[in-house]
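This report refers to the structure that appears directly beneath it.
A, B, C and D are the chain letters, set down in written order, and residue numbers restart from 1 in every chain.
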Amino acid sequence: MEKKKLVLGVIGADVHAVGNKILDHAFTHAGFEVINLGVLVSQEEFIEAAIETAADAIVVSSLYGHGELDCRGLRDKCKEAGIGDILLYVGGNIVVGKQPFEEVEQRFKDMGFDRVFGPGTSPDEGIAFLKKDLNITE
Amino acid sequence: MELRNKRISDDDFQRQREEVLTQWPTGADVNFEEGVAYQAALPEHKKFGKKLLEAKAEGRTLTQPRAGVALIPEHLELLSYLQDVGEADLLPTTIDSYTRQNRYQKAEIGIEESVKTGKSMLNGFPAVNHGVKGCRQIIEQLDTPVQVRHGTPDARLLTEICYTGGFTSYEGGGISYNIPYAKNVDLEKTIRDWQYVDRLTGMYEEAGVSINREPFGPLTGTLVPPSISHAVGIIEALLAAEQGVRNITVGYGQCGNLVQDVAAIQTLQELTDEYLTKYGYKVDVTTVLHQWMGGFPQDEAKAFSVIAWGSTAAALSRATKVIVKTPHEAMGIPTKEANAQGLLCTKQVISMLQDQALDPNSLKLEKEIITAETRCLVDKCFELGEGDIAVGTVRAFAAGILDVPFAPSRFNAGKMLPCRDNEGAVRIFAPGNLPFSADLLAFHQDKLSARAKAEGRAPSFQMVIDDVYAISKGRLVGRPR
Amino acid sequence: MELRNKRISDDDFQRQREEVLTQWPTGADVNFEEGVAYQAALPEHKKFGKKLLEAKAEGRTLTQPRAGVALIPEHLELLSYLQDVGEADLLPTTIDSYTRQNRYQKAEIGIEESVKTGKSMLNGFPAVNHGVKGCRQIIEQLDTPVQVRHGTPDARLLTEICYTGGFTSYEGGGISYNIPYAKNVDLEKTIRDWQYVDRLTGMYEEAGVSINREPFGPLTGTLVPPSISHAVGIIEALLAAEQGVRNITVGYGQCGNLVQDVAAIQTLQELTDEYLTKYGYKVDVTTVLHQWMGGFPQDEAKAFSVIAWGSTAAALSRATKVIVKTPHEAMGIPTKEANAQGLLCTKQVISMLQDQALDPNSLKLEKEIITAETRCLVDKCFELGEGDIAVGTVRAFAAGILDVPFAPSRFNAGKMLPCRDNEGAVRIFAPGNLPFSADLLAFHQDKLSARAKAEGRAPSFQMVIDDVYAISKGRLVGRPR
Amino acid sequence: MEKKKLVLGVIGADVHAVGNKILDHAFTHAGFEVINLGVLVSQEEFIEAAIETAADAIVVSSLYGHGELDCRGLRDKCKEAGIGDILLYVGGNIVVGKQPFEEVEQRFKDMGFDRVFGPGTSPDEGIAFLKKDLNITE
């Protein structure tokens, strides 16, 4: 079976690189093809890379607190670019400060993200959902 | 213009300055003479460098938090609280990430959104957008020295505004605010831009106003061996001194093994003094220990432990100051209450341990190792630069001679891999191109073999990952599960 | 009957027992054979002594809170929480103060009031009133070994009920539960009453059920020099061993100077083993460090520091277990949440420091001092007792040879005054009648002269008071203000 | 001027001796005559000592949590014994657990205590109030 493709990156002006390197390693190890854009990635770069590689999902990390400002409109831009249905994940420390996760999750779902992960989610959890959402069975 | 470790000429400086001050409208309010006069008129107890030197003379360790929000009234409320309730000895103004990337337009939107939503939508204080007047409100309403802390590759405009605005200390450097904080920014350019910052500091110094400068010690905050961050700190101190800076605080991010941490702070002071003197500079050097800079545990009680352990290293090493984490670290930017808790926890440890020290004999080996490694690195940079440390540093990064683990910058080789030994000290698993002597490399290998044997597995990237997660999972050494 | 360190005869024991079991109606439910059968049937993971020995073999430090409330359902909820959320390795059942004074009638009122007001009006669990069945509910519903912790001068009935009730560990001793916990109770009587407790433990041991016994190490918890508490612990271990106890945990309350604390735990293990062997007993000895037992700071963040510092001493000394304080310590009996926070903070430190140790050379002097002092004390007691340690101990207290600072008991001379030296180690300012060699006394005097000089004041009772307040005011050494 | 007399002690089954020794020292130093009954003091012992010495005040400490149970009825017993007007102070960790001080204070005032002091009150504070309440001026 062909490997599913993920575009991975840390959005906005965010430079937190450690988690990104580990996610790259973990997703690759789990059998995905990872297109890792690294840190400081704009919405446009995510979408271009997804179109270019015909990716199955965009996995956005945001650690530094500006996630809410940075992620707004990503789903709409995907639609405009013709990949309106692509699977969209976001995870990390995606808002400023310690906030109740349920509220945060709802806000990001309203923005069009399919799944939202809170601080310190392990890569394994993301992998399990990716397999489910991309219908991967072994 | 070619990069050189040479004082910027007045003409060159003025030419740059004209351009810098037009990068955002608030640049127009900057006036050097008026800025000097404002700083000179500040009361003594608001002068950062002075307070540091007093603490150093008395052997005390000062506490300093990180803090910054989008709007001035809220920022003032936050800092007052940390001063009055948190008993902070020194205050920060942490700059938001848009400003750090010179995206002032985005910062403006962040300010507007913050006004609208009633909560800070920025992860720091957008000092450029608030301008000179905004900064002075901060300085005037507080009774404690305030430092600007950020992570800005090109900080020239920010510096101009903050110095005229009355801040008496300024963090950053051409290496330490590039390699961990940027992806595509040329190292040569950031060193040059920070020569501008240092020259401006030198000009204030020459005008009789001493502003404290602080290279950012912890770099990526993740398994950085002491000698690597020492080398960067010493090089940035040399670059700053050449531009006329006279009050420098060199920094180190706690690694977690007490002996290594205490040895690191002591050698950092000794080696920085040594190199500055050797190259003919007279500088007042102090030290800062950053409490654990890697991933934190989510549980607050556990986070307090990590804070206390960092405070222990700071106290027993007699660092001049300690940068404090909070029980919210793993979750997000802390509330003012959580920030004050981190400060109070730290203060208790520091004053409780004020009268104790580690046996100097027990530090000997570790100090020798760090010293020898740091000399290998710095001397090699001088060699590569044919005597010019600025040139040598750029070449060293290109060659992986200086190499910071987990750094996002493509100007960093990323070939060196660190890993903890069996006692939790950070060692080197894959040396990449580090210019260490055979002896030193053998030392690291022995230490890691001992751990590998204890765990019954060979060192590998998985071991490194386990070490990255370790503290947040309650351990120091990432043992196999 | 004359006091002797001699195994109680079966006849004597049975005679006492008849009286003891009628002190409160619940005594009627005690049946030795049935108690042994019940204990023998407990699953292995509920056996306290076993878990201690495993931890000792692996070099791990176990965590244990203090906790107890008036009513059974609430007590169970509390302990379950500390087990499940607080990750406690060992559990306590702390007994209320009325029960400790054998005022079961008052405890009954406390139970009633607690039911009425819906909050615990007692500062612990009234095990005698709840009886054997009540105790067994505790043991059965938890998955962790549970110890009885109290402070009861005459604990005979309590012990009978708790052993039959299934508790596998029991704190206390004839000295350590008298001198700090009573005013008018004859030391001879409490030693005799605790011989009963130890004999009962011995009988269980002989019947194949090993119950762990723990002398109360910290005594008054206030500036107790290590050798004093070591002497008491060793003597109680000898007294217990004579009655047939085979599993003993000796304890020490953190003094605050790291070197002194680590040296104290290490010498406590070594000396207890040495004396037990010397007098012909084969006993499994483990150690416990009590986190700071004196006055705590009221601020919770500061309290976390004190907790973390105690955990550091426990981890670096490899104590077998550590008794944990909570961020509520200065205020009152902690909520279950605060108690769990103390446990989690402790666990993080302990596992983080698992792989580190202090340089043995740096401990040498302090270990020599503690060892020499302890030998002076214990050997003098043997001498005074003409070879009988029970007799010698009573005479030693009468003569001020053994002297516990700040103790309420009139059987304690209270002539010795402790005081911190310039590094915060607890030393002796006024030796009273302590039988220390001239060398040792000179050592203490030198240490205190150094502090006196540093502070520009002579040692005095005010210095002692300053030391008593110090930790709660953020310092270890009570410097003049 | 004659020294004012204080009866001092730790009530009930409470053995916390450290604070008691320090209070004795501090009150004596401040010019009071202190009749210190130590720890484990019953209501009856407080009252007897106060009558015997014609004391001006009874200063009760309670640290161990049973303060509420132990202190009930002390004022009534004073009245029965003919010293109903004697100044009654209580301080320490007088209830079980961390409770809002205002509520605790009210409960003890309702029991007839003139002044109530929370955890960690310094002796100086007690001394200042004693001087005020006993009209001592220097």
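Definition applied: contacts are C-beta pairs under 8 Å (C-beta built on N, C-alpha and C of every residue); 3 or more make two chains touch, one makes a residue touch a chain.
These numbers were taken from a predicted model, which means no experiment stands behind them.
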Set of chains adjacent to chain C and to chain D: none
Rounded Å distance between chain B and chain D, as computed from the means of their C-alpha atoms: 54
For chain A paired with chain D, centre-to-centre distance based on mean C-alpha positions, whole Å: 65
Centroid distance [mean C-alpha coordinates] between chain C and chain B, Å: 45
Overlap residues in chain C, where contacts from two or more other chains coincide: none
Residue numbers of chain D (touch at least two other chains): none
Overall pattern in which the protein chains touch one another (line/ring/star/complete/other): line
Chains touching one another, given as label pairs in label order: A-B, B-C, C-D
Chain C contact footprint on chain D (complex, rising order): 12-15, 17-18, 21-22, 25, 38-40, 64-66, 68-69, 93, 95-99, 119-120
Residue ranges of chain B in contact with chain A within the complex: 96-98, 100-101, 103, 106, 109-110, 113, 119-123, 151, 180-184, 220, 222, 294-295, 298, 328, 330-335, 338, 406-408, 461, 465, 468, 472
Complex contacts: residues of chain B adjacent to chain C: 256-259, 297, 299-302, 304-309, 311-312, 340-349, 351-359, 361-362, 422-424, 471, 474-477
